[in-house]
Amino acid sequence: MITVRLLRRITFALFNSQKMAKSSFEYVKKFEVDDSLLPNTWIVVRLDGKCFHKFSEEHNFSKPNDLRALRLMNYAAFTVLREFNDVLLAFGQSDEYSFVFKKPTTLYKRRAAKLLTTINSKFSSSYVFYWKKFFGEEPLKYPPTFDGRVVLYPSDENLIDYMKWRQADVHINNLYNTTFWTLVLQGNLTPAQAEKRLCGTVSADKNEILFQEFKINYNSEPEICKRGTLLIRKSIFNKNLDKNSNIIVDTHDDMLKDRFWKEHSSLLLNRSKETLMYDGPVTDIVAEQINLIKE
Amino acid sequence: MITVRLLRRITFALFNSQKMAKSSFEYVKKFEVDDSLLPNTWIVVRLDGKCFHKFSEEHNFSKPNDLRALRLMNYAAFTVLREFNDVLLAFGQSDEYSFVFKKPTTLYKRRAAKLLTTINSKFSSSYVFYWKKFFGEEPLKYPPTFDGRVVLYPSDENLIDYMKWRQADVHINNLYNTTFWTLVLQGNLTPAQAEKRLCGTVSADKNEILFQEFKINYNSEPEICKRGTLLIRKSIFNKNLDKNSNIIVDTHDDMLKDRFWKEHSSLLLNRSKETLMYDGPVTDIVAEQINLIKE
Amino acid sequence: MITVRLLRRITFALFNSQKMAKSSFEYVKKFEVDDSLLPNTWIVVRLDGKCFHKFSEEHNFSKPNDLRALRLMNYAAFTVLREFNDVLLAFGQSDEYSFVFKKPTTLYKRRAAKLLTTINSKFSSSYVFYWKKFFGEEPLKYPPTFDGRVVLYPSDENLIDYMKWRQADVHINNLYNTTFWTLVLQGNLTPAQAEKRLCGTVSADKNEILFQEFKINYNSEPEICKRGTLLIRKSIFNKNLDKNSNIIVDTHDDMLKDRFWKEHSSLLLNRSKETLMYDGPVTDIVAEQINLIKE
Amino acid sequence: MITVRLLRRITFALFNSQKMAKSSFEYVKKFEVDDSLLPNTWIVVRLDGKCFHKFSEEHNFSKPNDLRALRLMNYAAFTVLREFNDVLLAFGQSDEYSFVFKKPTTLYKRRAAKLLTTINSKFSSSYVFYWKKFFGEEPLKYPPTFDGRVVLYPSDENLIDYMKWRQADVHINNLYNTTFWTLVLQGNLTPAQAEKRLCGTVSADKNEILFQEFKINYNSEPEICKRGTLLIRKSIFNKNLDKNSNIIVDTHDDMLKDRFWKEHSSLLLNRSKETLMYDGPVTDIVAEQINLIKE
């Protein structure tokens, strides 16, 4: 018969051995390495959708661009910025998003894995959480995956070139995709034929095809498709509170132009007190914040 | 008037400059570093819930353990194992989960950030995706965040000690939490009083409190709470197909016992052809796979 | 009897197996990691003498400063700059020397270990090679050891602060050492008494001790001791060749003054064509190079 | 007129500002990164001579092997082992040397740069320091440079394969060099002709050339050339002291044979109390230590 006393004795022995055991196992913690990132550098975290070609087909994304998908990406990124005040700005296109931390950030002691995974996790869970908000009745069939990487840029010039690189990429890909899908969907070419037709063409040729054959002026395509989306922190005058309120705005500014960087130079200089006033359209993301401020 | 010719010329100039620009920006790619992990080592990815104390309160988790929450964690981890065949096993408790890759894996060329973020992202998106499956009418209020880290263990002994360390941790935390919440919920102590009461107590004292004051035999608590959950790949005889099928099983084996490691030695030795037969209970996770195999 | 044929057969087998063996072992090369340093950052390599307190005693270094030893350090560093054109400048004091690479250097693909060890090795072997040139009849008793580290500085300001940090260190140490050794050698205090006397004193106190008790004006001490030595690349007008010649000069400039950095701003800007003219004294190091140019 | 008071005031101001300055610069220390190496792995440091082809010509090394040079390499490595007790063994050939640390070493907290540079520096300075001991009247014309790298090996098998890889390399290179230089020096071929003659030949062909044309039996070549030199710690019975003494021995054992690793298994197992008895020849390196022990 198991008496109380025996039971206690067993449990005592069990737990004591485990406690001792635990301390004798704890040496494994020393195998963790310090991955703190070099101070005084720009930390960029870039996320990319894994197998999103397949994902977009299985979820009936319209081609070449699905505005629901782009807006969901933007909203997931907005969720990240709203949570992590140390993220200065973000830029996204297609199934990728780049997050730029404030240069002097000491969040998580600048530990690479911590910064990378919290951004990655929040973005991924938000993508699923807000799916319905953008896709409505189109059901999400399975949880998507985004991979991520951290890159450091020592100078402002390097960071600006990074942003330009990603935005130039939008243009090149989007012109190609727009022409490709127009040839397929309106021109009745097979994907293979469309690919062959575009092989070796330069941008001017693609514009010509769109305009001459389909009366499509590429310049009139939505800016979200041609330029991607930039999320930055600006200020807006709030009538209700009779003062400026800080908000995150979603814009499609042309970062390839030097003018953009002149106008936003205070961003890079970490002059937090100097606010950039926002005078653009009241997007859904902007509206949501103004309403929140009201309340 | 804008003529076609003019339009084309503008677009041509625009895109040409962007294409050139793109190549002149592409140097920023060289700032990415090679983070390949040392070959012939065990790669462990551990995820931890961020601010899950607050998260658990806001979602009415029952105390000390919420079985819905534990099962959701297990299911999200199961989703990871189902997708990534290179993950050998996983162990979870509370709001953390560890994933162990097969030792010789060359997935993503063993690049740390890639391995870390794909696991982290899939887990995070799955947690949201499957929330309703376990929490039913309890709504998910906001997307949760999990951080992650990568640790390398050179020897089998190191890996085994890591697994023991995490499982010993379950015992210690769970006994504390069980006693703490019993004092609060059944003993009507305030949290501060309960904390004070437990201050300085050893395991035996806590068992005594539970048994003497509340007639709770800690050993009878659910194994999922006392030992955490181990997900491993085993084989099961499938009557429908008249052959063995590989499945992922969720168990609560005692990894602090050497017997466990003897029985599972083929796991570590990477003898993939040698299958471990499963003869445990048909859990929901097991049942799901058997049914899938049937179809 | 061993015939030629047999011998050949044995050797053939032996080598064939070794050649095959070699290729089957070569996988170990994959365990080497890529340690390329972040582009667009200042690479600093700092060397430090190992156990030089003991070394200086065993080689009868005069106290507080041994000019032979300082000059040997400078000459070893000069040897490094003469060999590695990608080293922009170097700064040394006591038993340490810092080497700063040109910012855009791609020497050894910026691999950390390669850069670190070649500088370290050349310096160490030069220290022994040129010992006699500076120490004459004082024999070198055993080969000395220098350890080394690599540090990256993203901005010019960071690099300038690094240089200021090392030079401020010279002042603080040298004033302490000068006062300490004056108390010991001229004031007949034991080292312990001298240490106690200086405990808690600020710089002004030490100056006072030197001036009041020993009539020593610290400001008149040799600049090599008070400021350390900076090795930089400048130009000098060469009468024999009737044109400018590039040389490495050893100076004791005050880098704590902003004027220094203004005058040397072209150094940091990597304007290699813009030469800094040298109009300082003809030191031994300078003389040696002018003579070499003559020939 | 500069009064004492004024002087003191100036110095006071100067040093005070420097002291403050120093602390305001010290932030640059935070840019140093933690480069601690993964615990429970074999740390290998390999050094390589830089431009030793040119160095060997300028110092009249005899071809294909210069025994003075090989012995100097061995002696410099011996100096390293004598100083760093945490180095378990070393293996060298031609102008390269590998040093293997005891697996559980915590020397310098396993910091990569520290371990790498102290080995590299001691070796480099020893090479110059002991030059005359082996080269006599042949003067050293300039200080040589060795580069270095650190590699980690998780398992004993990996380490053994590393050692085999380096020793297999000796065989292949030495057979080639021996045949090449025999063709040049005895066969009166130009280097270009010799290279052409050997192009495409396998080991057996080279043995044949040596034996048939020059009556050279490659197997009779000195073992130091064919197998390189292994430095390990063994014990020897010391008659004078009537007990075992630990010494470092230089051998040319065949590490490609499994027998070697069986006989030396205690080395890898870190059984420091289990001594390997030495019964090989009394080399100069061995003799030196026995004599030292006598005294």
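Worth pointing out:
To keep things simple, chains are lettered A, B, C and D as they appear, and every chain counts its residues starting from 1.
Keep in mind that, in the parts below, a contact is a pair of C-beta atoms (placed from the backbone, for glycine too) under 8 Å apart; a residue touches a chain by one contact, two chains touch by 3 or more.
Per UniProt, the chains are A, B, C, D = tRNA(His) guanylyltransferase.
Keep in mind that what you see is a predicted model, and the values were worked out from it rather than measured.
Annotation: the chain A:chain B pair of sequence copies touches via predominantly the same residues, more than half of the used numbers being shared.
Should one ask which of B-D and B-C has more C-beta pairs in contact, the pair is B-D. Set against the C-alpha centre of chain A, every other chain centre is closer than that of D. Per-chain CA centroids place chain A at a distance of 24 Å from chain B. Look at where the CA atoms of chain B average out and do the same for chain D: the two points lie 46 Å apart.
Chain centres here are Cα averages; for chain B and chain C they lie 51 Å apart. Shared interface positions of chain C, defined as residues touching 2 or more other chains, are 31, 33, 38-40, 152-153, 158.
The touching residues of chain A, when paired with chain D in their complex, are 30-31, 33-34, 36, 38-40.
Those residues of chain D that touch chain C in the shared complex are 4, 7-8, 10-12, 14-16, 18-19, 21-22, 25-29, 31-33, 47, 50, 79, 83, 112-114, 116-118, 120-130, 140, 142-153, 158, 161-162, 164-165, 168-169, 171-172, 175, 202-204, 207-208, 211, 217-219, 256. Residues of chain A touching chain C in their complex: 38-41, 152-155, 158.
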